[in-house]
Amino acid sequence: MNKHGKIITFGEVIMRLNPPLKLKMQQAQQLDFTFGGTEFNVGASLANFGHEVTHVTALSTDFVGDAALRFVKSMGVNPDHVARNEHPLGQYFLEEGMGMRPGQVAYNRLHGAFANLNPAVYDWDMILQGADIFHWTGITPGISENALVALKEALAVAKEKKVQITFDPTYRSNLWQYGQDGQEVLKDLAGQSHILLGSVSEINKLIDTDYPKTEEGFKLAATELLKKMPNIKKVFGKVRADKSATSHAISGHAFNGEYLYEDTITITDIVDRIGTGDAFAAGVIHGLLTQDDAFALKFGLAACAIKHTIPRDINLAKANEIEEIMNGNLKGRLKR
Amino acid sequence: MNKHGKIITFGEVIMRLNPPLKLKMQQAQQLDFTFGGTEFNVGASLANFGHEVTHVTALSTDFVGDAALRFVKSMGVNPDHVARNEHPLGQYFLEEGMGMRPGQVAYNRLHGAFANLNPAVYDWDMILQGADIFHWTGITPGISENALVALKEALAVAKEKKVQITFDPTYRSNLWQYGQDGQEVLKDLAGQSHILLGSVSEINKLIDTDYPKTEEGFKLAATELLKKMPNIKKVFGKVRADKSATSHAISGHAFNGEYLYEDTITITDIVDRIGTGDAFAAGVIHGLLTQDDAFALKFGLAACAIKHTIPRDINLAKANEIEEIMNGNLKGRLKR
Amino acid sequence: MNKHGKIITFGEVIMRLNPPLKLKMQQAQQLDFTFGGTEFNVGASLANFGHEVTHVTALSTDFVGDAALRFVKSMGVNPDHVARNEHPLGQYFLEEGMGMRPGQVAYNRLHGAFANLNPAVYDWDMILQGADIFHWTGITPGISENALVALKEALAVAKEKKVQITFDPTYRSNLWQYGQDGQEVLKDLAGQSHILLGSVSEINKLIDTDYPKTEEGFKLAATELLKKMPNIKKVFGKVRADKSATSHAISGHAFNGEYLYEDTITITDIVDRIGTGDAFAAGVIHGLLTQDDAFALKFGLAACAIKHTIPRDINLAKANEIEEIMNGNLKGRLKR
Amino acid sequence: MNKHGKIITFGEVIMRLNPPLKLKMQQAQQLDFTFGGTEFNVGASLANFGHEVTHVTALSTDFVGDAALRFVKSMGVNPDHVARNEHPLGQYFLEEGMGMRPGQVAYNRLHGAFANLNPAVYDWDMILQGADIFHWTGITPGISENALVALKEALAVAKEKKVQITFDPTYRSNLWQYGQDGQEVLKDLAGQSHILLGSVSEINKLIDTDYPKTEEGFKLAATELLKKMPNIKKVFGKVRADKSATSHAISGHAFNGEYLYEDTITITDIVDRIGTGDAFAAGVIHGLLTQDDAFALKFGLAACAIKHTIPRDINLAKANEIEEIMNGNLKGRLKR
Amino acid sequence: MNKHGKIITFGEVIMRLNPPLKLKMQQAQQLDFTFGGTEFNVGASLANFGHEVTHVTALSTDFVGDAALRFVKSMGVNPDHVARNEHPLGQYFLEEGMGMRPGQVAYNRLHGAFANLNPAVYDWDMILQGADIFHWTGITPGISENALVALKEALAVAKEKKVQITFDPTYRSNLWQYGQDGQEVLKDLAGQSHILLGSVSEINKLIDTDYPKTEEGFKLAATELLKKMPNIKKVFGKVRADKSATSHAISGHAFNGEYLYEDTITITDIVDRIGTGDAFAAGVIHGLLTQDDAFALKFGLAACAIKHTIPRDINLAKANEIEEIMNGNLKGRLKR
Amino acid sequence: MNKHGKIITFGEVIMRLNPPLKLKMQQAQQLDFTFGGTEFNVGASLANFGHEVTHVTALSTDFVGDAALRFVKSMGVNPDHVARNEHPLGQYFLEEGMGMRPGQVAYNRLHGAFANLNPAVYDWDMILQGADIFHWTGITPGISENALVALKEALAVAKEKKVQITFDPTYRSNLWQYGQDGQEVLKDLAGQSHILLGSVSEINKLIDTDYPKTEEGFKLAATELLKKMPNIKKVFGKVRADKSATSHAISGHAFNGEYLYEDTITITDIVDRIGTGDAFAAGVIHGLLTQDDAFALKFGLAACAIKHTIPRDINLAKANEIEEIMNGNLKGRLKR
């Protein structure tokens, strides 16, 4: 297989546990479990598109970590830079929403194997050798000081090696419990990166502005961002007009000096909403590695859309299946 | 926890057995099972809101009854007045509907432990001591003479102790097989009660009228009811405009001398329709115990709405989750 | 297929509900369900051996009865004389034992469709036309007066048509609640039958004796039985030396004027103990229809043995698989 | 039960394997399995409506074939002409679609027991004795030369015995791998048949025309078909306006010299789309056997509609349930 | 129900997650989950025997904690002194052993809700009012300083109120990570307690001896213990001669000045080994509360034995079922 | 990780489908599915021990093949030489045995993707570059002419590159349907190989002898084999004294000029017997790559033993866990 690009992702591989069939946790006696984590989800989707992906992380040494490692391998992601330590694997519990009932998430990740990673074990020079893309998100530095230190080292080496840096600067207030000001850290790290996966609200946080969530607002915000953080060259965002837990509409826009827009896709019959942003990010990166910005936006939006119909955290749709969505084939007819 | 009120519910705890995943019974080899029963559903929901609830019933002495008893306890409902006898536990089988396919129910309850309860074992003086609410429905007296006798004793003691009596006078023609005229019995029992949970069709049956199922019809019917049965002071009803087995719209109205109306909530993505009326009843009672009639109607309607998204018989939504629905937050966004 | 004999069985088809994986009922949320019933189990096993079997019974008209009817058909048993009525299907709950933990059964059958059967609907002349065997057990007349009436009619017609009558006169004290003395009824019915499937304890009850459960006791008891009830020509019994819920040893003996003995088979790794007596009965009847008494005893014992390894109520082993057991092939090696 | 007609169906009984809960195959570790096959689906539905149905097929001799045979019996279909051979049972894997995600099917049937059937084992004179209908589809002759040979023999005997021949001439390009021109074979077989279940596209293929898929196109196509293939007397078709994998609208039309039309039924909350065409065919045949062409079209369309809500391949709705749909009762209210 | 005694247990309620059917974690996609915790297991079993039990603990405020709380209630244990905090619930993963394959456990409990409990929230004066027994184990103080502080307060109040203190001083080297010398702490806490549940190895650790694990060794060790720690009046221990993960033999001995011995029970067909020590402890405490030391030892041993056949952490056998085991009824025959 | 050796395995990756919980196929509605195949099982186990393993095979291009490919990756086996074609994936159905009930297997592999592999697609020069071991079995050449051709090419290249060739010459009479004399082919291929995994019966087939299955027989047979086929330098065999489907005893012997013997390990509580021979082969190869012949035999036997307790086809035990078995630790105690 022709592998278009070499991508390095860095972040927690986290166990997902959720009751089946829309049960509340207190009603269940079995939990479905799988693994995810925003950066890994991006990497796994890119591996699925045929790219060469290495995911850098830390797992527990126990049999829970064994299961996570097997999952990483199953995705065709290179596991050579997966560290192990004696702390338990991070996890989240999910009660899925339905109609007007909100889904709920409960995390247990702040004292886990990834939070306790040893930054010294990662040889970023070797890891980033020959890489096209290094991808990070705002989750990682929010987990622990160790994770932040490792991320900073990775970014420094990536800069040195002229690796393109893509990032999703999600700020989560329930992270950042180790004594750093998350907003400030993210500004600093964003300034060292090149392609932002986010929209008006993310930009506003990065540059302390208050642009409205409109087309005009996005243009102004992105323009100002590229001025203030000159390393950043492009912004790709999706806009969600959610109607209920199971029906949504999404559109996409981007700014690379020019404004690009991708029209709404309506999503019904949602199977799983987790990982749809990661599917967008992976789609955009795939587009950038194989074609151009317009294709990247369009492909990213279609990838995001179809992910809503795929269970669990990772987008398993193939590139050609996503291209069918791009081409407006939304009827979902049976293929014999 | 501050328990707002003390509520006594009396009725059958019935086993529910249904094939999973919309299978027809003849296609299945496993049945999901849980327990319910209209009065218990009301009590369990009220316990979940923080009230002190005692459920009075009779269970089988076998291991099926053990399972039912554990279920009662799991809901935080006081089991001290649960009797046991040698008859099998009542049950119902459910084939859930989907789209145009109707759901179907098959009962096996007329010779069970509750039908064969011994009225003499319940010390209603002790049970109703200090109670704020006694709740009954038209199911109980329809099951057996024994159940009717016990209910009458309970109502007599409740009157004596000035306990407020709430009731849902549902008439089911497949009950009442032991020789009583159900309609007449329900009129008698209704006349001893204070707050009706029901709407035009229930009122028409109680006072032999034929008011239409309209706003005006409800006002006239309720007015006449309160005149003819002066113990009854308030009526709370919901109106269902069902469109398919999985999408509905409900609105609420009440009459306490004044007319109150609560606007339509549209319900999509129905997970389980069983117990939605019980959720309404519990919501109204909670509202009455903690605030006023307007709040009771609004809270009851929202409780009814969210129950449609919760599997099995009992509304497990918390009061604050229901208040979010009351406040129009119907998008069901994921809570991290 | 060459169908060796035509057999009529009469009895309740009962739903079996049991928690999976050795859970106690109170720990479970799913129940495995299937159907059984001692006489049906015998008939289904005989159909599986290639005989033409008609099972006569009454099922509920609801969708639970539909499921039971489909199960009857699935066994290749002729369903043309299955009646339906408005009463719920009988059922039993089973908590399976394990090691020193006893299994437990809870019945709900005394007010069901079979208990309420209408004897007038069965045209025994047509049903028994050309039959080789009519098989009954002591369960049926214990369920209700109606069942007893129908059984008596069947026996009378069978006598008239010279159909061989096989029977298993099990007496269960938790049946017989409708006012008959079960022991006396069974004596009467036994006296009209020809081949007893039972051992010393069954014979003692039929002829009010107290023979010990030894080889000598069996010979004496059987001799006296054949003298006192001259219609009875043969007795086939198995002896169980059970050690725990999951390991047993069984041997067989018969009396047809002569004494026959079949040596012990040790059974380990028991999967399901329900229906092992029925497997013995079906095996004996198959042997009688196709070969001789010695073969019948040997085949019945082997059928009983292998049934312990087959889940649910019915022996699904084929005749050639049972013959392998008869021939001492107990190692259970994988067949590729 | 009064059996309205005697129907013979001939075709593969195929195992269906699909991951549960919309999982992709690569995500699953369990597969739901059942059996289907277009001709058997038609036969099973007709048996369910009370007709006497014999299905002619070939199954494997292994335990997989045993399971298929038990399934055939469970449907109340006569299994007396089911052959067995040493080849494995045909099967298909299904990944169900959801919203914009297409369902996918993967077949493994071209070297199976049915493909390798021995035409000599079927005694069509005996099989078709007294039959009202013989039903075939374009799948069967596409599987293998053997299957085609057997089908031709069946058609010849049916002609001789004046049995009405219904057919669904579906052409599948992934079949016909044994060296015949499928389109030509189907024309030949169609010319020997009487009632076509199909619409404009099927007619176009049979008579090499290119009529549009409109009302007018259907009239013209059907008129020309009946002229060119004078054995064909009637055409019954449904038109699907599918919107997504889970919501559809269907209407029906027929031509018997006159044009008949049946208005659109909208289908939401689709549970399973497999077998909906077979449900239509069975519905039409039932209508023809019991009433007239107009009823047949209406009943067929309603049967097709409700099948979308029933899991697995076969329409298990009863005739009276389908008549409720015909009468416009599409709300799916719970029946207690 | 006559509640024989009032017991207070204090310890973590921990979530148990294990792959079903002996799968390794890396092979599974579902986990069975339930709750346990050594002290809670003891309390729940005692509640099941009819005693009044209050369990003191801290749970998470999220929906995982809600599930745990519902579990506590389901056991009939008083939840009035269950605190909640913002930390995640502790948990353990279990890969069950089979034959020569060892079971494995992986914990995630050192940063959970219980580890982070606030000792100030427990009003031990109120909690221990009227209590007969306070039960603790060596797990609790090993989890965190907070847990140790709360335990010390409880012991002090129990002493003041003359509550009998039972304890199981299990030392786990993977706990005690917060800077205390576990062995020394346990000696101190043991010295304040009255009844030791343990055997030679536990005694050796408490008094720095090296007695052999023999009858004589036990007598000498227990004699010395009672001399050195004069508050301790009695020791109850079980001895396990395990042969494989699924077959064991256990015997019991006790010392109260006199030596008591209870002969071996052989256990085959082990379903679950977790919680068997807790079943012993609960059995002994029940025996002490209702009869005498000899009965307590015998009942505890039988309780321990039957627990091996019951899935999950808690002994659900009833007192009369355990008495059957005591009386040597180990055959596990089916009870109809 | 230090990878001790580089191993190439070649053979079919086959889907395994089996009913859960000892059900017969006809009783089940779900099948557990996974993947195996004797050569892949060996490779996956070796990858699990830390070796670098490449598996060469052909999978279907459909989503079933996607699932198989993901499985291959999940095992950490290099998938770079997995071909894909349009034929369906091979598979086998398994009914597991229990006690005296034999397990049964039904195959569907003779027309699958592997049978139809294109020998030209494998670049054996590249594949075998730097390899230490090439492993094959008698299954592969029995599947199809194409498979035989590819295997011969592989052996020729391996010879050229001086790669050690290990083999398990299992002869299955239900293979070899394409016109070759399997026994003769295997002799030829064996003569080109170096290390035989097999025992007396395999040797007898290779050299047309009839040595008894005794210690002496093995010595004589192996001596003669090494004389007649001088490329073969070593033989490693295990001897199974199976007692029932769930309890076995195995011992090992080897011959490398000298005779080696490894004493019996008794295996109770068998979870899965599939793949135990492959576990032995992988264990022996691991031993040879890391230590000496005596260790290889001992480690292989222990690997075989523990595999019986691990579900599905592949031995997932780690090297250190197997060494514990080697050291006689068979009690399976829980590891906390």
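Per-chain numbering from 1; labels A, B, C, D, E and F assigned in written order.
Assume a residue touches a chain if its C-beta (ideal position, glycine included) is under 8 Å from a C-beta of that chain, and two chains touch if they have at least 3 such contacts.
This is a predicted model, so every value here is computed, not measured.
Asks: What are the mutual neighbours of subunit B and subunit F in this structure?
Replies: Intersection of subunit B and subunit F contact lists gives A, C, D, E.
Asks: Report the chain pair from C-D, E-F or B-D that duplicates the B-E interface, where duplication means over half of the contact pairs agree by residue number.
Replies: C-D
Asks: Can you give the rotation angle that fits subunit C onto its twin subunit D by Cα atoms, in degrees and rounded to the nearest 5?
Replies: 180
Asks: Roughly how far is subunit A from subunit B, centre to centre by C-alpha average, rounded to an integer in Å?
Replies: 46
Asks: So the centre of each chain is just the mean of its C-alpha atoms; given that, what is the distance between subunit A and subunit F in Å?
Replies: Taking the mean C-alpha position of each chain, the two centres sit 41 Å apart.
Asks: Mind pulling the residue numbers of subunit B that touch at least two other chains?
Replies: If we look for residues of subunit B contacting two or more partner chains, we find 20-21, 24, 26-29, 70, 104, 107.
Asks: Quick check: in the complex, which residue numbers of subunit C touch subunit F?
Replies: That would be residues 20-21, 265, 267-271, 305-306, 308-312, 316-317, 321, 324-325, 329-336 of subunit C.
Asks: Provide the residue numbers of subunit D that touch subunit C in the complex, in ascending order.
Replies: Touching subunit C: residues 70-71, 73-76, 79 of subunit D.
Asks: Across the complex, what residues on subunit A touch subunit E?
Replies: 17, 20, 24-26, 28-34, 60, 62-64, 66-67, 70, 88-89, 91, 93, 95, 104, 106-108, 110-111
Asks: Which residues of subunit E touch subunit F once you look at their complex with the stated criterion?
Replies: It is residues 21-24, 26-27, 97-105, 107, 172, 174, 242-247, 273 of subunit E that touch subunit F.
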